[in-house]
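Across the two complexes that follow, subunit A remains constant while its partner is subunit B and subsequently subunit C.
For the complex of A and B:
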C-alpha cells in the first residue's frame, strides 16, 4: 500500500510537527508500507492569503497513492477519496483564537467572510465520512464545538522513547521545551525566588525570540537568583535532553492551555520523573494527576514554588510519583505501533 | 542564502526528476547555503492541468526564500523575485509529442486552444526567471522553438562522482538502468544471440510494477537461447557501492533507450569509471555525450549491430580502454560537476 502524509510547512521552520511527520513516515515504512510526506508551503499573513492557500490545496491532484494521512490545515483540503485525518490543529485563528480576539483575521466584513470560508471548507472536508483522529482532547472538543464533528483522540507518541530513562536523582528541577511567553518559563523562574538558595533549576530549550530570553534574565537579575537558575537557552540535542531529564528530581512545565498532553510530560514520565504543572495547562492535565504523578498548582509564582518545594523536600515521594506517572503513561499505549494500527484502521 | 528547491512530483516514484533535486540539496548546503526542498504533488491529467497550474502560480515563497530554483513543470510558474529555472522537460504531450502516439489529447479546436494557452503561460513564467537552465541541449532547443526562450545547458551530475574508479576491462558489458520497454534491455539481450566472442552481459535494475511482464519476457529470451551462462539479469535495486564496483571492472556500458531527453545518468556513471557507452543512433540525448569512436560506440538500433560492437570491444581491450578514457575526459569537457552546478545556480 502507498501512503502519502500531507501537511503544511513554512520554509526553514522545523519543530514538533515536523518531527512528528518524519517519524510517522519512518514508522509507516517500518510497517512495510511505501510512504512519504509532502509538505505544502503555507503563509497566513496577510490574512487575505488564507483564501489563496485554501484554493491551492483544493486545486492540487494526487495519483499513485492508496491512502492519505492528512495532518494540518489547509493541506487536508487536497481532494482525495481515501483519506484519514490526524488533526494536529485547525486554523485556530478562525475558531478559539477568534473568540479570544487573538486572531490575525480582523473583525470586519471581509474578515468575517474569510473566517466563514475557512469554517465552510473545514465542514465540507470533515463531512466526507472520513475517520477523524485528533492529537488531543482539546482539539477534539474544539472540533465538536465549532464544527460539530466527533473525533477520536490519538496522542502523538514519543518519537524516540529509547533515549529516555531514569538515570539518577541529582536533585535539580528541569524546565525543558521551547521558551516563550505562553510556555511560561518566566513563571517557573519567578517561583525560584521563594525557594532556598541551594535549589537548582535548569531552563533548557530554545527561546522563540530574544525578548523571551531577556525576560527570564531580567527576572533572575531582579531577584538576584543567579545561583539558583541556570539558563541553557538552545535547541538541546535529544540525547543530551534525555540525560538532563533522566538525572533530575522533577520536571517543571507550566504552559498556558496546552493543546496536547505535550512531549515534555511524556519525556518526563518515560524517565519516571514527576511533573509540576499548573491548573490551567490544558492537555498536560490529562496526563498529570495531582499528588499521584506530580503536583498541580495555581498559576502564580508562590503557589508553583510550594509545589516544587514539596517535590524537593520529599525525594522518596517524588520518586514514587514519577514511577506512578511512568506506569500510567505506559498503560495508555501511546506508542508508534499502536498509532499506526489505528491510522490504518481508519481507512475505507 | 536561503534557497528553496521547488518541484512537482508524483508521490512514491523515484527517478531522474527526484534525483536532480535530492542530490543538489546537500551540495548547496556544503557551499554554505540554507536549503529547503519543497515537493508539490501533480498529475498530468489535462482536464485539471490549468487548475493545478493555478495552484502553483499562487504559491508565495517571496519572504521565506531568498532564491528559488524550480525543476519539473509546472513548478516554473511559481512567481518569485529571484527565480532560477532548471528546466528538465515540458508537458511533452502538448509540445514535441503533440498528435503523436504518445499524445492522448484529441486534435480539436478546444485542445488546440488549450495548447496555445499552455504555451503562453509557460513562456510568461519562464520570462520571469532570472535565468533558465536546461538539463540537455534537446530540451534547450525545444524551449527556443516553442517558447522563444534562450537558455543554457547545465548538465546534472550524478550523486557522488568522486566514488567511481576503474580497475581495468573485463569480459562484461554492463547495463544499469530501470527495466522499461523504452530502455530496450531486449536489444542487448538479443544481441547476445549473435556475438562470436565470449563477451558477457550484466543487466541490473529495478522497475515499476507494471514492467514485470517485460522482465519476464527477457528471462524467457535468455532461457530459450541458452544464454544463462553469459547473461546476468539482476532484477533488483542495486546499491551505489555495487554499481560502482560493477562499473569499475566492466568492459563497457550499454545504454540504448529510445529517444531519451537527456544523456542519462548511466552514461555519466560509466564514464566516471572510465568506461565507454555503447548506444544506438536513435537514443536521443545520449548522443549529446557519446560521439562514435571517441568516447563510445554508436550503432544501428538492431541486435546484430550491437553484437558486432560488443565483439569489437571484447577483441580489442586497448580500444575499450581508449574509448573509456575518452568518456572520462568528456565528463570534464561538458563540465559535468557539482562545483560548476553550484556556482551557476547560486551566481
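For the complex of A and C:
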C-alpha cells in the first residue's frame, strides 16, 4: 500500500508538526508500507492569500496513491477519495482566534467572506464521511464547536523516546521548543527577574523570526539578567536536546492555548522532569496536573516565577512530580505502533 | 483533422441531414470523420440515414480512446431530447466544439432531468452567474449557457443567442449561417391556378403562427375569397381542430396536408405556393432549415425580422414584426398579391442569394478555420473550465477577487504563449 502524508510547509521552519510528519513516514515504512510526505508550501499573509492557498490545494490531483493521511489546513483540502484526517489544527484564525480577536483576518466584508470560505471548505472536506482523528481534546472540542464534527483523539507519540532519560539534576530550568510569541518564552524569561540570582534558565530552540529573538534579548537586557539566562537559539540536535532536558531540574513551557499535549511536555515526562506551565496553555494541561506532575500558574511573570521557585526550592518534591509525570505518560500507552494501527484502521 | 462528429443520424432529423451533407463536404476537404450518434429511446428507432461514414454510438468510446482517436469532437446540440441525449455525456467526457442548432434547449435539459441528471443543481450553479441576456424575455437561456460553459468553442446559427454563448463559453464563438444542400428543381402540376395559395409548412405548432396568418387573411378585403391557406406537415389533432374552427369562424379557406410529408411532395407544395409564410414567435431555434427550404423554393417568402431570419436582406423577403400582430402579415400578403411578377422576381433573387449564403461550401469555408482556432485555444478553455469548476466547488462567487486574479493570470500566460 502507498501512503501519502499530506501537510504544509513554511520553508526553513521546523518544529513539532514537521517532526511528527517525518516520524509518521518513518514508522509507516517500518510497518512495511510505501510512504512519503507531501509538504505543500503555505503562506497565510496577506490574509487574501488564504483563498489562493485553498484553491491551489483543491486543484491538486493525486495519482498512484492508496491512502492519504492529512494533517493540516489547507493541505487536507487536496481531493482524494481514501483520506484519513489526523488534524494537528485547522486555521485557527478563522475559528477561536477570530472570536478572541487575534486573527490576521480583518472583521470587514472581505474578511468575513474569506472566513466563510475557510469554514465552508472545511465543512465540505470533513463531511466526506472520512475518519477524523485529532491530536488533542482541544482540537476535538474546537472541531465540534465550530464545525459540528465528532472526532477521536489520537495523541502524537514521542518520536525518539529512547533518547530521553533522567540523567541528573543539575538544578537549571530549561525552556525548549520553537521560539515565538505564542509559545511565550518571553514570559518565562521575564519571570527570571523575580527569582534568586543563582537561578539558571536555558532557552533552547530556533526562533521563528529575528523579532522573536530580539524580544528575549531586550527583556534580558532590561532586567540585567544576562548571567542567569542562556539563549541557545538554534535547532538543537535531538541527542543534545535530550541531554539538556535530562540534566535539568524542571521544564518551563507556557504556550498560549496549545492544541496538543505538546512534545515539550512528553519529552519532559519521558525524562522524569516536572513541567511548569500556565493555566491558559490548552492541551498541555491534559498532561500536566498541578502539584502532581508539575505546577500550573496564572499566565503572568510573577505567578510563573512562584511556580518555578517551588520546584527549585524543593528538589525532592520536583523529582517525585517528574516521576509521577513519567508514570502517567507511560500509562497512556501512546507509541508509534498503536498510532499506525489506528490510522490504518480509519481507511475505507 | 480527425473529427468525431456527434449528431443524431436518422431520417427524421434535420440535424442528421445537415450533418451528413456537411461531413461529406468536410471529407472532401481532407477531414477524417466518424459519426457518433446521440439518439436514445424513441429517437434511436428511426431508420438510419444512408452513408459511407463510419457510425458509432456516442457512448461507445471511453475518454482515453476519444482523445487518441480524434483531434477534436464536434457535438451538435438541438432541443429534442430523444435525438440529443448522449450529447451532454460526451461533452462532460471530452471537451468539444458545440454547434447549437437551437437558442432554447429547455426541452433537452428537461429530458435529462427526467432521466435523473441533477439539472436543478446546474441551474443553481450556472443560472445566476453570467448576466441574463436581454435578447428576448420569452427565451430561457440558462440551459444554453450551461451547455456552452462545457464547450471548447461554440457555433450558433443566428444573432439572437450569440451573446448568451459568448457570455458562457470559455473558447471562441462564431455565428455561421446554417447550411443546406439545395433541392433539384421539381416539376409539379399547379393545383389551384385560380386561387392565391398561401403555405405554411413543417411541424405546425403554436409558434408557427398559423392563427396569425388566418387572422391576416380574414382581415384583408383585397385577398377576399381568392385566398387559400394550406398547412403542410405534422400537427397535433387538438391544434388542428383549433385552427380549423378559427378559419371556419373567420371565413378563411384552409386545408391540411397532415402527417410526415416526403421531401418531393413538400417541394411541390412549396412550388405551388403564391406566398410562403415562414413565421415564428418566439424564435426558439438557431438557424432555420424551414427558412432555407422556403428560400430555395423560389417563392415569395414572409418571415419574422428576428434571429437568423433577420439576416436575409430586406429587399429579398417580406419581413414582419416578431410578435402576434396580424396586420404586417396582411400587408405583406397584399403586396405580394398586388404585383405578382415583382414578387416572383424578388423570390428568384432571394433563391440566388440563399444558394450562395447557405451552401455547404460556404459553411465549411468558415467552419474549418474555426475548428483549427478551437484546437489552438483548447488548452486555455480546458484550463479555464477546470479552474472554474474548482472555484464553484469552493463556493467562490464569480465576482470574487480570486476569480479575477486567476482570469488575469490565465490570460497573461496564454497571451504570452501566443
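Here is the rule we use: the second predicted complex is superposed on the first by the 345 of 348 C-alpha atoms of A that agree within 3 Å, B and C clash if a C-alpha of one lies under 4 Å from a C-alpha of the other, contacts with A are read in each partner's own complex, and residues count from 1 in each chain.
Keep this in mind: contacts are C-beta pairs under 8 Å (C-beta built on N, C-alpha and C of every residue); 3 or more make two chains touch, one makes a residue touch a chain.
Everything numeric in this text was worked out from a predicted model, so none of it was measured.
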* Asked: Between subunit B and subunit C, positioned on subunit A by superposition, is the outcome a clash or a fit?
  -> clash
* Asked: Which partner does A:11 reach: the first (subunit B), the second (subunit C), both, or neither?
  -> first
* Is A:284 in contact with subunit B, with subunit C, with both, or with neither (first, second, both, neither)? -> neither
* To do: Once the structures are superposed on A, label A:52 by its partner contacts, choosing first (subunit B), second (subunit C), both or neither.
  => both
* Which of the two, subunit B or subunit C, is in touch with more residues of subunit A? -> B
* Asked: Where does A:64 make contact in the superposed view: on subunit B (first), on subunit C (second), on both, or on neither?
  -> first
* Asked: Touch check for A:117: first (subunit B), second (subunit C), both, or neither?
  -> second
* Where does A:36 make contact in the superposed view: on subunit B (first), on subunit C (second), on both, or on neither? -> first
* With the two structures fitted on A, what stretch of subunit C runs into subunit B, 9-17, 45-53 or 63-71? -> 63-71
* Hey, what residues of subunit A end up touching subunit B and subunit C alike? -> 52, 55, 59
* Footprint of subunit C on subunit A - complex, ascending -> 48, 51-52, 54-55, 58-59, 110, 113, 116-117, 120-121, 124
* Which residues of subunit C touch subunit A in the complex? -> 386-387, 390-391, 393-396, 400-402, 405-406
* Residue ranges of subunit A touching subunit B (in the complex, touch as defined) -> 2, 4, 9-12, 34-36, 38-41, 43, 49, 52, 55-57, 59-65, 78
* **Touching residues on subunit B, where the partner in the complex is subunit A** => 2, 4, 9-13, 34, 36, 38-43, 45, 48, 51-52, 54-55, 58-61, 63-65
